[in-house]
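To keep things simple, chains are lettered A, B, C, D, E and F as they appear, and every chain counts its residues starting from 1.
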Amino acid sequence: MRIQIINPGSAPGTTARIAAAGRAFASRGTEVIAVPATDAPASIEGPVEAALALAGLVEQVARGESDGVSGHIIAAFDDPGLDAARSLARAPVIGIGEAAFHLASLVAGRFTVITTHARTVPLIEHNLVRYGFSARCVRVRVAEISLHSLDDLHSAARDRISAEIDRAIREDRSEAIVLGTAGLADLARSLSSEHGLPVIEGVSAAVRLVESLVSLGLATSKIGGWAPPRRKSLPARLSGLGD
Amino acid sequence: MRIQIINPGSAPGTTARIAAAGRAFASRGTEVIAVPATDAPASIEGPVEAALALAGLVEQVARGESDGVSGHIIAAFDDPGLDAARSLARAPVIGIGEAAFHLASLVAGRFTVITTHARTVPLIEHNLVRYGFSARCVRVRVAEISLHSLDDLHSAARDRISAEIDRAIREDRSEAIVLGTAGLADLARSLSSEHGLPVIEGVSAAVRLVESLVSLGLATSKIGGWAPPRRKSLPARLSGLGD
Amino acid sequence: MRIQIINPGSAPGTTARIAAAGRAFASRGTEVIAVPATDAPASIEGPVEAALALAGLVEQVARGESDGVSGHIIAAFDDPGLDAARSLARAPVIGIGEAAFHLASLVAGRFTVITTHARTVPLIEHNLVRYGFSARCVRVRVAEISLHSLDDLHSAARDRISAEIDRAIREDRSEAIVLGTAGLADLARSLSSEHGLPVIEGVSAAVRLVESLVSLGLATSKIGGWAPPRRKSLPARLSGLGD
Amino acid sequence: MRIQIINPGSAPGTTARIAAAGRAFASRGTEVIAVPATDAPASIEGPVEAALALAGLVEQVARGESDGVSGHIIAAFDDPGLDAARSLARAPVIGIGEAAFHLASLVAGRFTVITTHARTVPLIEHNLVRYGFSARCVRVRVAEISLHSLDDLHSAARDRISAEIDRAIREDRSEAIVLGTAGLADLARSLSSEHGLPVIEGVSAAVRLVESLVSLGLATSKIGGWAPPRRKSLPARLSGLGD
Amino acid sequence: MRIQIINPGSAPGTTARIAAAGRAFASRGTEVIAVPATDAPASIEGPVEAALALAGLVEQVARGESDGVSGHIIAAFDDPGLDAARSLARAPVIGIGEAAFHLASLVAGRFTVITTHARTVPLIEHNLVRYGFSARCVRVRVAEISLHSLDDLHSAARDRISAEIDRAIREDRSEAIVLGTAGLADLARSLSSEHGLPVIEGVSAAVRLVESLVSLGLATSKIGGWAPPRRKSLPARLSGLGD
Amino acid sequence: MRIQIINPGSAPGTTARIAAAGRAFASRGTEVIAVPATDAPASIEGPVEAALALAGLVEQVARGESDGVSGHIIAAFDDPGLDAARSLARAPVIGIGEAAFHLASLVAGRFTVITTHARTVPLIEHNLVRYGFSARCVRVRVAEISLHSLDDLHSAARDRISAEIDRAIREDRSEAIVLGTAGLADLARSLSSEHGLPVIEGVSAAVRLVESLVSLGLATSKIGGWAPPRRKSLPARLSGLGD
């Protein structure tokens, strides 16, 4: 099977890191490709960048459908465009935030999210309510750091995340951590060993969940909220996906 | 004061109808202008069209801010782009769905929404949860009709809405109706007389609420979730609004 | 239009302050009158005083209806007697707590209430649940001060409220403040400038919301929970308002 | 011990019926007295009558406290004045609606309330939310009947309640019934036999719960929301109960 | 009437303490017997011990039913086996956690639970949600102490509970305390005097509540979720209780 | 990897069917074994059978841990013993109800559960609340049929489930179906084709989710609610798993 990961931002380093995380945890026989959203802003740090990225994200979903991918992953932690992508796709679509929450709730009664952009906190909190995890996620914490600095597993940025995990265990009584970033699978593993609790990274989680859905023959339901849009309300280049 | 209503769709008839509804209910001294989102699809009937409209909607918010408008209204009933618009604007921003829900809950203990597109029902239901009205709105009903047909106050389309109101009173025990369409203020008034309960239309509600906020000196809070985006993560044409 | 503000307490200073706040923010052409509830206790500091005030508050609603007022405002922050007033009135009725919550949630994702009487905290918290704002209002804080001392904008009492606002921003991550007092509109404006976030006062908010409802032709729904009481279950002096 | 049941209405027949129900189910050694609220309307059929009754209800709580009663019961199904009574009393105070909900949830996973006045439905629903029973009470049904007609156990009024119980079992999947009336203990017993499920009446339930609290040495907490009012904010005749 | 208290654990000291607490607060004429679950672990400190105890607890419910007891009490604070016991019994069944929560919410707007085993906190929190008390119970605190050490009313263990009560009043704004242990009725009374707020112990609360249900003729509803199991799906020794 | 599926019941046909469903959907390289709980009742049709099965289920978890299995699945739809199993195991543990809910919510906005035993409905509803899916699962429907009769894909029993699916689409507005039975993967596939929406079966879902957790290096968190029990509170045969 072939899984397409869409980076709603356009920074090439991020797309490469996401691709690597996806491939490292995919099953043998699964091909993972990662693409940026068309005409996207460099990175998604809040609702404005997400709004600017959505049209290009939808384009990539449409292209992936035409190319026959088996599933789509949206690789920004606040899962922008999830409804639009599901309306347009016949293949399964999963957001990396969503993926991480699902797996966290299977290994922990309570968990804490640690994100890097304060502007995304309300978006994440709304998603938690909508998905049903608001009673399982005790708190969304912010470690204001640059993602670049996390490439070094011994950096000061890593220390700040580690310090937030300490607080999550002590103050939130949390039993697992969800990293609110895309593709830092090695960091997750290292922090998990250090703190003795599960640390979940979203891209790898999403790859495994898409594989699970595909293997079980499950695809996005097309009756109800994610029914395809009317053909005539779509621009010409997308109209083949309309109803 | 000058209020800008943004139609996320581009159908000129809709923009004109919205402008008329806004002007009919504005205070003397309030100037109401209505503009379509840049490069928008004709109408917003679900999440795909909303995704395609968001970048152009953000552009219009930015232009309005540059032009010094006193407030913004987003005139699609599922309030697309509300977070992005609030992040970018210093002036108040109100969605017409949101506006209608607030006023409905001031005149009725329970209300029913009647919308025209089944694909928007989940979006509306999520908004109700997020805004806090999920216990006040008993049900989102769908009357599958074309908006054009509603221009005639004696059409079959009107009869279908009227029939849904009857059901809302009888089956939902509802005390007020919110019309999930933009600008049908005359229809609202006519249905209210016929059924003997408040019928709320969103554009007129939003105009009055924006006026209220402006008169009271209240603008969107810029600390927290709607803080302006970082200047460097915005495209050049918007960067003047960044932080 | 003529709007009647009912002070459930009888302290003349409070009624005068409420009247001034209402008039300062009303539209041109709106007449604002303020009356105390008949036979009311001096001030409403908890459920016992509210219970003692309700019959007199109902009397004033009835008198206002006879006099043909366009709308009623209940000017104690825990909105006592709102259901009774709505059952009896055909004109719209708004409580000042409720009014402030609605406007706060239009300009902020999260807000904190600062009240002056600890005994009213549970009443306010129940209202927040019932109105639907319990997820938007992060916390009800108490600044134990005398209202009289707030007349001076540079008093120690003001400093205590200001200190609570600092805590709300830092500890509650709040984006706006609702003042749980009646009529301190100047204080609200001053605190808003100082702290750089919206500070909402209820009387002015309620006046603008009543005006909005009246302009839009919206009145309290008389089917369901606020249907008029049966004529025969009312005392003679009120029976004209029964059904 | 001596328990005072306060009828917020003044209809002597109702007070007598309430007294009888209370006495029939009290333990040996418990004295039950029933009094109407001072200057009360005949019966409480919605929020207006409740507002008119509260001052007189508070008076009776105060008199009971002076007389040294062991506990108070408020005998209208929507529990009017419960907060005020608890603020004023040192002895336990229980509402009959509340009492019935507690016992229903001990013998059934889901229950239906059957009340006789449509105007009280929202009040009851708010109480269910506030007390915590909104997920246990599936529905509040209305059987529009006169209470007088229920004195005859074979009346048409009884048949209407019985028909609602049938619907509650079939449509609501309910496992118990709460009668939203005061004092019809014989009717409850008869309906329970007929339908084969628990039918709970509030006055008898409240008497047993007050006895339980008193026996266990539990009285209303006086720290927090039910702290006594300030002495100076009370009228002279009540000031002995203030703080 | 005869009430059977089942200790899901087998430690004889605990069973004796539970019996004493039950008897001390039962009405004259009520016989209280206390039995351990058959083949039970010594004490229930989390979900594993509860799982091991359930079959033996069910056996004791069955034996009690055969012996004609009037009601059953499950005397571990996380109420293990409550659904199973209610399915099997015709007499009322009450858990001591549940009993304490009900009475606490009648005398306090907010309460704190203080338990002795951290492993039971999630079980208690789930029960609070399920029963409907999650908004009334502000927090479940843990005082890690040995129950044996509580026999001495002046021990260090008592001091730790007392310190948690101080924190509950100050940090949780709690108005009552529920002790998450079985049978420490004297301790509850002593702590209540010391701190000036209600302290509720579950065994005594449950005895009074079972008495109340029995006196009112209320037994577990046998339609719906607690219907008796099918006779053929039960082992021979229990099949007499099946349907 | 080796995954152990524990059938809480002892009917050999069921264990075989579960094993087949698990194997059919496992990845190449995954060994699936299925065992009944020790001394279990034939099938789990409600809380009494679950109570009787738990000790034996715990024994199998312990044995699986000794044998070094990679993960455990509890194969009754109401997920009995999930907390106990997670406390005892270091490997991941998933219930089949839980697994099906997670995957359903990834492919549908709303879903309906169709179960075969009315007695398990409240247990399933409580799980939905606890897991966070109560807003996603619209309704738990019961098709009272014998599981044996479902072996024939053209039976009357299948027709009854099919009829419930029709009702779920029409009355519940559901977008996916969760089968509340264990191992009927072929039936799920057949019904999905017939009705044109996803139909999820729990055993196959759980196998894929356990594989995902194991591949990602995620195991049950051992801090907090699922910490291992104290060694001294366990029977000798289990004490090796204690702390």
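Going forward, a residue touches a chain if its C-beta (ideal position, glycine included) is under 8 Å from a C-beta of that chain, and two chains touch if they have at least 3 such contacts.
Everything quoted here is computed from the prediction, not taken from an experiment.
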| item | value |
| --- | --- |
| Relative to chain D, chain with the most remote C-alpha centre | A |
| Comparison of A-F and A-B by number of C-beta pairs in contact, larger one | A-F |
| For chain B placed onto chain E, the superposition rotation in degrees, Cα atoms, nearest 5 | 180 |
| Rounded Å distance between chain B and chain F, as computed from the means of their C-alpha atoms | 44 |
| Where chain C and chain F are represented by their mean Cα positions, the distance between them in whole Å | 52 |
| Per-residue overlap in chain A, given as positions that touch at least 2 other chains | 109, 122, 129, 135, 224-225 |
| Contacting residues of chain F [partner chain A, same complex] | 25, 27, 92, 94, 98, 102-103, 105-110, 131-136, 169, 173-176, 189, 192, 196-198, 200, 204-205, 208-209, 211-213, 215-226 |
| Chain E - residues contacting chain F, complex | 41-43, 45-52, 54-55, 57-58, 81, 83-84, 86-88, 118-119, 121-123, 126, 129-130, 224-225, 227, 229-230, 233-235, 238 |
